[in-house]
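Which chain is which? They are A, B, C and D, in the order written, and residues in each are numbered from 1.
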Amino acid sequence: MDSWRTAIVDAGPDHIRVKGFDVLELMQRSSFTDLIFLLHHSRLPSAGERRLVDAILIGVADHGAGAPSCAAARLAASGNRASLSAAVAAGLLTIGDEHGGAGSGCMELIEAGLERAATGGLTFAAAANALVEEARSSGSKLPGFGHRVHSTIDPRVAVLFGLAEQAGLSKDGVRFARALEDAIRDRIKPIPLNIDGALAAVLVDLGFPPPVGRLLFIIGRVAGLCAEVLEEHTREKPMRIKIPVTYDGATAQPVGADPRVGPNDQE
Amino acid sequence: MDSWRTAIVDAGPDHIRVKGFDVLELMQRSSFTDLIFLLHHSRLPSAGERRLVDAILIGVADHGAGAPSCAAARLAASGNRASLSAAVAAGLLTIGDEHGGAGSGCMELIEAGLERAATGGLTFAAAANALVEEARSSGSKLPGFGHRVHSTIDPRVAVLFGLAEQAGLSKDGVRFARALEDAIRDRIKPIPLNIDGALAAVLVDLGFPPPVGRLLFIIGRVAGLCAEVLEEHTREKPMRIKIPVTYDGATAQPVGADPRVGPNDQE
Amino acid sequence: MDSWRTAIVDAGPDHIRVKGFDVLELMQRSSFTDLIFLLHHSRLPSAGERRLVDAILIGVADHGAGAPSCAAARLAASGNRASLSAAVAAGLLTIGDEHGGAGSGCMELIEAGLERAATGGLTFAAAANALVEEARSSGSKLPGFGHRVHSTIDPRVAVLFGLAEQAGLSKDGVRFARALEDAIRDRIKPIPLNIDGALAAVLVDLGFPPPVGRLLFIIGRVAGLCAEVLEEHTREKPMRIKIPVTYDGATAQPVGADPRVGPNDQE
Amino acid sequence: MDSWRTAIVDAGPDHIRVKGFDVLELMQRSSFTDLIFLLHHSRLPSAGERRLVDAILIGVADHGAGAPSCAAARLAASGNRASLSAAVAAGLLTIGDEHGGAGSGCMELIEAGLERAATGGLTFAAAANALVEEARSSGSKLPGFGHRVHSTIDPRVAVLFGLAEQAGLSKDGVRFARALEDAIRDRIKPIPLNIDGALAAVLVDLGFPPPVGRLLFIIGRVAGLCAEVLEEHTREKPMRIKIPVTYDGATAQPVGADPRVGPNDQE
């Protein structure tokens, strides 16, 4: 079997290096968030960059036991007590385009808009209007806007953008996200940026590729899921979750009467 | 890298054989249930053996959208539309000792009881009484008895045992399961065998090892989960599931005031 | 919390019905494959329909320990012995467009082609040529053709189509799949139908919706994964799998020297 | 449906609080590691406590593409490109007692030893000797000692204990872990503490409950898995992983000849 190749970790009998940095040094001098940044770059972050990644991870870590990821993790924990990783994984598996995944989609949207502006010599407003118009007529969604719980302005957005501003890291990504928000308000209706859209804008300015919009949601949310699973184990009995269900399908059928039944084999 | 070894499937450029049987032949002459049996034996089943495995798989395939596995699968499907396997896997991950896993534990219990009777020259009643007494005093659970929904006698039990009887495959495993049921009734209270206990008894008599008690629940339940996930995609909007949650933890705290807060790095 | 709704299973304290059919009756009269068909229809299958679903499930159940799904399941089983469902789930999670998922994509392709022919009054050959040409010029993939191991004609295809023929269930779906194969051979190069393409064609003719192309792969493969996981537990020590890896990233870096490192908080 | 209860997160339309702390404040003043600590305590950590949790998370985040969790994540990513969370989850599912799970088991061992010493008025050495002797005679494993790759002393151990020492947080947990190491060396053979044992000792002294030994491994490792999955997507083609397999099972069997085959239903 051919050797697999990787440029991330060099692990041997007496060393582990991440992107060339010795883990022993990182353990003594850096934070976990530094490492998370390093895993997607070739260097460690500045203090301002780290502050933004910290804020993003904190912002998405846990949105309550009723969030789909937390609920799924608790359901798994209620039936499968032997494996903490199984329960956390179940919660993780609810993360997709509709739950925690909008960050990646929004990063792609922002990057597309910035490219549109650059190559077409357009203002951000014009490029944003074009993208919103295209989405509107094709019925596509615009990831990064609106939220299930925060029906109005998500307060995490202003905090994140404020931190980016303070650190001098608020650049074209953030500007274009605001342009999109304006364009949506003008062409559709006011639908404010949500935390996924805000982190997307900041991550573009931090130079991360779009998938990291989802990967950071995953890393942050796993911290919350771990606590949710532990609480489910500690406070609740197994199999305590009862979901009310109403059946609205076919009425009772006799099996024997169905002429299309092929009887099972006789001995 | 050393080659991995396996005695299950021999797959090459122009053939696939399962336990030596050509898949092309199996596709033409056998049923999926035949293959499931074969995967854990060195031969295909008799018609009676197949009938029992079919009955078990049907008996566990789906217990409604509110069962923990089905609920978790639907939660994942509501947030993660891009991956059907992710949603089905989330449902699968709720399966453990408390949900669908009792079959394996009950098989081990029955096998332990049969061994106790054989080596100690005891009747099944005596061996069963001994096991129940030990569980009672140590506070251990007896897997295979009782059920969340069927508070009385689970009708699937009688059907399964009836089929085993008809096929001449009702042997010591089934007899000992009934002995356990009697011993529990006498020493604790009436707690009838449930479907996990019944399939455990039948699987012991079919010569399967204990883990298969759980593996057959997994195989059967995955069929149900696939339908549940598809219905969630087809009938419901994404992120439609709302779980009511009541918070009962610490009251609101000011962060700045906490003397044990180490402020985040300044630029 | 609003009740969830479902038309699949009606489960109460003393009954379970699938699409209106009593599970107790199904356990006595039907096979697991009958139930799998019923879960996606409103009736049980004819003997011929069941034979085809059996053949499909058998055809995809296990392709050897080295298949990505089986390998991932074994890796999980080697590290996580406490949860059989976790290991099986890990294998299941490798199933996507590239592994086992082509069935759904090919069903969509066939349905698109049949619609193109119907609405445009085209022959199947013309419609197939149009689809292949569009895929070729846009660089899209055509799911259902070619295979990693079977570089030539996959023998499972002829067997499956033969069974469909025998049962009188070989209709437009199969015909169009063959038309696509011809069009690919003429316009690109000979790339034969593989098992995913063949099951797609048959499932279209059996009236299943496209996602079932993937769901049946999941159901069939889980049977194989269960056996693979059990063999890993039974024959191998934990953590026995060693993957050779070659590092080709950045050379060793001193952390202290990096001017962009923000030192971790001092006490 | 009864409301679920939780003491972790209070999430409403206009606020999110974790253990009573406003997420907006945490985003501005704290690090992700602060939040991870808070999720398992009622307060934020001191700088020294945070340094230790950072060191643990960094120490376990990624041990190379060949580690079982990383390998499983890559296999899933190679077949299932549509879902990043599915691939990361597959890697997570390999985490169990044998991979990343020893931290919890070692915490339980240390806590048992400390209790043994306290209630029996024994020295740590005596209590440690007793535990090691019991494990030896019963054939139980002692989690936290030895390692697949680091055959000698794991250098991460000394670094972690050094940090604990510096922070004045090296207490009975660490002392007892060292006592266990001595007892193992004396009674069995020299098997040094590994990273799981070291983090277990430190986490006991930080007042975490045993499951957190595994949960922190999960949180840390997910960061590494995210990078591994992204690299697999970026550098490698789908389905590129080939595992060499040798079949050592039954030889080819003719299906038709087997008298125990029940032929599939005829039309």
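Some points to look at:
Going forward, a contact is a pair of C-beta atoms (placed from the backbone, for glycine too) under 8 Å apart; a residue touches a chain by one contact, two chains touch by 3 or more.
Values in this document were obtained by computation on a predicted structure and should not be read as measured data.
Between the chain pairs A-B and A-D, more C-beta pairs are in contact across A-D. Ranking every chain by how far its Cα centroid lies from the centroid of chain C, the top place goes to D. Averaging C-alpha coordinates per chain places the centre of chain A 23 Å away from that of chain D. Our note on geometry: chain A versus chain C, Cα centroid distance of 26 Å, whole angstroms.
Between the Cα centres of chain A and chain B there is a gap of 32 Å.
With touch defined as above, residues shared between interfaces to two or more other chains in chain A number as follows: 1-2, 4-11, 26, 28, 30-31, 46-47, 50, 54, 64-66, 80, 82-83, 85-86, 89, 93-96, 101, 241-245, 247, 262, 264-265. Note for the complex: chain B touches chain A at residues 1, 46-48, 50-51, 54, 64-66, 68-69, 71-72, 75-76, 78-83, 86-87, 89-90, 93-101, 148, 167, 238-239, 241-245, 247, 264-267. Residues of chain B touching chain C in their complex: 1-2, 4-16, 18, 23-24, 26-28, 30-33, 35-36, 39-40, 50, 53-55, 57-59, 61-67, 74, 83-86, 88-89, 92-96, 101, 149-152, 155-156, 159-160, 162-163, 209, 211-212, 214-215, 218-220, 222-224, 226-231, 233, 235, 241-244, 262, 265. Touching chain D in their complex are the following residues of chain B: 1-11, 17, 19-22, 25-26, 28-31, 34, 42-47, 50, 80, 82-83, 85-86, 89, 93, 243-256, 258, 260-264.
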